[in-house]
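Both of the next two complexes hold chain A, though its partner changes from chain B to chain C.
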Partner chain A sequence: MMPLLQKVYDFVDERIDLKTLEAKMMKEPIKGGSRWAYVFGSVLLFIFIMQAVTGVLLMFYYIPSADHAYASTQFIIHEVDYGWFILSYHFWGSSAMVVMVFAHMSQVFLWGAYKSPREMIWLVGLALFGIVMAFGFTGYLLPWDQRAYWATTVGVEIMDKTPVVGDFMARFLKGGPTPGQMTLSRFFVIHVMVLPGALMGLAGLHLFLFRSAGPAGPFRGTPEELKAKTDFFFPRQVWKDIVAMAAVFLTISSLALIEPVVLLEEAKPDPGDYHPEPEWYFLFLFQLLRWKIFSGELGQFLGATAIPAAFMLLLAALPFIDRGPERNIFKRPIALLSWTVVMIGILVLTVSAIINREFLD
Partner chain B sequence: MASVQPKIKSKVRCVDGEIGEIVHVIADPISLEVSHIVVRANGTQRQVPVATIAAVRDDSVELLCNAAQVSGFPEHKPEDFLTSKQVEIPHLENKVHVEPGDLLVPFPVLEKSCARRNFFTGFIHVIGALIGLPLVWPVLRFIMAPMYAPYDNRWIKIGNISKIKTEDVGVQFIFKKSFKDSVLQREEDKNHWVVKATPETLKKVYPQGDISFTDEKGEVIWVNKQTIPYVAFAGKCPHLGCGFKWRTHKKLGQVFLCPCHLSIYDNSGKVLDGPAPRPLDVLPIKVSATGEIEIIDVEYKSGKKELVRIA
Partner chain C sequence: MSHPATTISSVKLAWALSWAAFWTGFPFKMIVALLLLAAQIHPWEGAGLIALLALSVPIDIWALGLTARTFFLERMGIEVRGPVGIGLWWQGAVLGVVTLGVAYYAVGATAAVCKKATAATLELVNKVIPIPVAEQITIELLMWAVPTTIVAIMFLLIGLKLFGWRIKRFAVASGQTSSASLQERVREWDDWRVPADSILMLVSFTAVAVLLTVAFWVLLPVTTTHRHPDYPPPPTDAVKKKVKPEQLLKKTDATLAKAEAVLELLEKEKAKEKKKPAGPGK
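Moving on to the complex of A and B:
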């Protein structure tokens, strides 16, 4: 280290015990050794940081008013140098976030890493999943184009169908009986203040709990084998993490380059030729609501609110129901089957929603 | 000067011979230096001041006094001390190299006999609540302010009946609606559908006869007569609020079709297929002598069987 840097390091170390902090952060033994399968959490943190950076940049130009939201977004795309790239990166970054959340949750599920003593990490993780989806939902409205307006209108109407609290929740989000300026203001402040705060707090807690309980490690191998392969978080795991981050960065950047964001017409209560549709990661839910059994008031509540809520509750209860110590996914047939069924279900519903588009014109 | 670093289990020697071993080390929480060592001699633990130490060696400590003087030092009372693990004293464990569980610091006198601990705990919660509770109602009202806006009962011109060429066919009327949206004066494109209904279709639109419309207080503001052939349907799908279209369906012929969740309605607004819970919403309509269509932009809650007016 350079003498000056060393001096600064020593200065800080003397005051806050940097060496211990460094050891705690970097020298965490990973039993069974570092793996590519463990990169998802770090990659999510990376994606979030990039969303925060691009998001802050977008706010330099974006105006959260029903009169100017659309024009200012067009201004970012067409007038501001590299505005199209920053906006498109933010847009594709949100998709990457959802994909990675699914990957991360799948990995934890398949590895049985939610089991005792890691139940709290899993629970906080589920809350973070909800926050990521809320980020997607609130951010989608901000460009104030037809796609944005209609996805929000339908999304809020779905929430409205929740018994007892639905009407209040929908009016709360819309800031009135119908969508308008108050809706945009609310979505904006939730997207740029409330959710980032909640995510940072909960992600910090998630990491703290993770470090307190320690990593679960592989589901196979004797203690001796695991010990023999153990290495520290730094450098081998950090190296794998940074490679994965670079791959994700390249993917998001390429998508931003190849498919930059193009807005539709400005939002208005007349959909024109536009067929309202939510963002792709909500398509499976959207398609579910087209089924006959989910028609009518009760059906709608079942399809849009009760089933997703029950599914989330089931996930939350999972570590308390599934108490067997077995973590090997190949010895947990019900878990493997459920995961496969859910994934295939989501895939089939999403694909059929896409196929359905053709029949609408 | 480096502070004295006695070690646990070190033998303790007085000028007149070995008397026991160190079982604890007591540190001063202000200076972060060792103040006493606790020596176990003949089954009793005694606090020996650090000034008595002559020298610290690898596995032993030599004292300046004799054994008799050591028995004169006060007996160690564990209840008067806390281990360094039980308190937060920054840098202490870096300065005094003893296992955290064996390193003791004095239990502050004010804390040890804090007779009113329960009182303080309660007081803290009460004051916290006194700050927080008065804010609940204003904050709630602040957030809820625009949520229950009054209905808009203005008549709005949406176009002329000359646009309608055929009976029993859905015709879209796109119009500008200007309104105050918080502080903004805004104008929005909206759309409704008007059907010039044949008597058979009218019967299906008005199965229970005339339809009356009410304001918040339940007072009737308008009645649609079942004899007027022009019927206006709100452009918002009663399922989940999407915009529906007039389309030709392979089997059902010409219908209103909502592209979102594929609800299908006939020209009287009746549900033919799909998830919609009720027929299309009929709006208050009046047609002037010159054929100008005026409506009240009534809005009902979507997804409900019954009509719940929200705007």
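Moving on to the complex of A and C:
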């Protein structure tokens, strides 16, 4: 290390015991060695940091009022230097975050990494999943165009179907009979203050719990084999994480360049020619609600609330139901079949919603 | 004792090398693609595609060489002499072209047959249980896509099997088995990759990163190229009209002189009017 850098390092080390911290952070043993399958958590953290950076840059120009939200977003796109790219990166970054959460949860599920002693990591992870979805939901309204307005209207209507708390939640979020200034203010505050705070706290807890329990490691191999292949977090896993982060960053940037954000008309209470629909990651639920069996009061409640809530409860209870020590997914046929059915179901419904959109247009 | 390379499955060997090489080279190709996109050149067509493919060749050779050496040493205990990347790359490229060519026709034929069979099956099912149109299209898509994908995977496995067979031959011909333990081999490989002058390496790496970042922001359009209909681009005439300071100053001087002359004239006229004797009073 260069003498100056060494001096700075020594100065900091003397005061905060940097060497111990470095040893703890970088010398975490990874049973069975580094893997590409372990990159999702780090990538999620990276996407969140990038969302925070681009979000702050956007806030320099964005005005969260019903009169100016649309105009200020258009100003960002058309007048601010590179504003269009920053906004488009933020837009595609939110989708990347949802995709990565799904990938991360799938990896943990398939690897059986939610099992004892990692139940708490799984539960906190589920809460983080909820926060990521809430980020997408609240952020979607902010540009205040027809797409934003109607996606929120549909989302709040779905929320309204929840018994007991649904009405309160919908009224609290809307702040009036129809989405307006109060809705925008509330969504903005939740998006830029409440959710980032909650995410930072829970992500910290998630990491702390992960470091306490240690990585689960591969589901194949005897303890002796895994011990023989044990590697430290640095340098191999760090390298894999960096490569994955670079790939994600470049993918999001490419999407922002290929398909930059173009707003529709300014939000108004009349949808006109626009067919309201939620964001793409809620499309499967939207399509499910179009089925005949989910029509009517009871049907809407079942499709919009009961089934998703039951599914989330099942996921939360998973480590306590599936208590067997077996982690190999190929020796857990029910788990493998369930994951496949859920994934195919989400895929079929999402594609169906997109096809339906073509018909409606 | 059999050679370590002959004990592993050809498919597994080819997959392990190709998968790792793909991800190793991917970020570098993405950098090229991103710079092309920033310069408004599509990397999936025309000159952009040619540039990307041309730059992908050395990246792939390097990535394949790096991952193959790592795999041979760590998993098989084989040290390979001479260039690895180029030796494996050309064989993989030839096999890839042949396999892809055959697969293109086979997969196309399978898709055509499956589409017909699916349409007939769904027509029958619809007579018994009516399915909503959107779901019907999705199910139809799945029904012909699944067997077609299986055929495509079969060709992928055939390609991997052939490539794995070539890799094995290469490893047997050019590799020497090492008697060192796994930890020793890994350390040796890591040491080999660490440059002698790490500061120079770090500085070069940072310089390249800074250069690429600057190139990206220079190439990136400052304002959007996808304008909203309500926000037309500023009138081009106003932008094109260049300001010439000398001419502007001359013009301003002339205008001021003209204004001064008019003012002077007006003041003279006013003075004349004041000098005129007052008319007879009542």
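The rule we apply is simple: the second predicted complex is superposed on the first by the 360 of 361 C-alpha atoms of A that agree within 3 Å, B and C clash if a C-alpha of one lies under 4 Å from a C-alpha of the other, contacts with A are read in each partner's own complex, and residues count from 1 in each chain.
Everything that follows uses one rule, which is that contacts are C-beta pairs under 8 Å (C-beta built on N, C-alpha and C of every residue); 3 or more make two chains touch, one makes a residue touch a chain.
Being a predicted model, the structure only gives us computed values, none of them experimental.
Asks: In the superposed model on chain A, is it clash or fit for chain B and chain C?
Replies: On the superposed model, which is not a single observed complex, chain B and chain C fit side by side.
Asks: Using the touch definition from the top, say if A:T153 reaches chain B (first), chain C (second), both or neither.
Replies: In the superposed model, A:T153 contacts chain B only, not chain C.
Asks: Would you sort A:R290 into first (chain B), second (chain C), both or neither based on which partner it touches?
Replies: Touch partners of A:R290: chain B and chain C.
Asks: With the two complexes superposed on chain A, say which partner A:L250 touches: chain B (first), chain C (second), both, or neither.
Replies: The second partner, chain C, only.
Asks: After superposition on the shared chain, which partner residues are touched by A:H78: those of chain B (first), chain C (second), both, or neither?
Replies: So A:H78 only meets chain C here.
Asks: With both complexes superposed on chain A, which partner does A:D67 reach: first (chain B), second (chain C), both or neither?
Replies: first
Asks: Using the touch definition from the top, say if A:I355 reaches chain B (first), chain C (second), both or neither.
Replies: second
Asks: Quick one: is A:S42 in contact with chain B, with chain C, with both, or with neither? Answer first, second, both or neither.
Replies: neither
Asks: Quick check: superposed on A, how many Å separate the nearest Cα atoms of chain B and chain C?
Replies: Nearest C-alpha atoms of the two chains are 11 Å apart.
Asks: Between chain B and chain C, which residues of chain A are contacted by each of them?
Replies: 290-291, 356
Asks: Quick check on the complex: what are the chain B residues that touch chain A?
Replies: Listed in rising order, the residues are 91, 94, 143-144, 146-149, 174, 181-182, 184, 186, 188-191, 235-236, 239-243, 259-262, 274-277, 299, 301-305, 310-311.
Asks: Name, in rising order, each residue of chain A that touches chain C in their complex.
Replies: It comes out as residues 2, 36, 74, 77-79, 81-82, 84-85, 228-229, 235, 243, 246-247, 250-251, 253-254, 257-258, 260, 262-263, 287, 290-291, 344, 348-349, 351-353, 355-356, 359.
Asks: Can you check the complex and tell me which residues of chain C touch chain A?
Replies: For this pair, the touching residues of chain C are 23-24, 26-27, 30-31, 33-34, 37-38, 132-135, 137-139, 141-142, 182, 190, 199, 217, 220, 222-228, 230-231.
Asks: Where on chain A does chain B make contact in their complex?
Replies: 17, 65-67, 150, 153-154, 157-158, 160-161, 167-168, 171-172, 174-178, 180-182, 185, 268-272, 275-277, 286, 289-292, 294-297, 299-300, 356, 360
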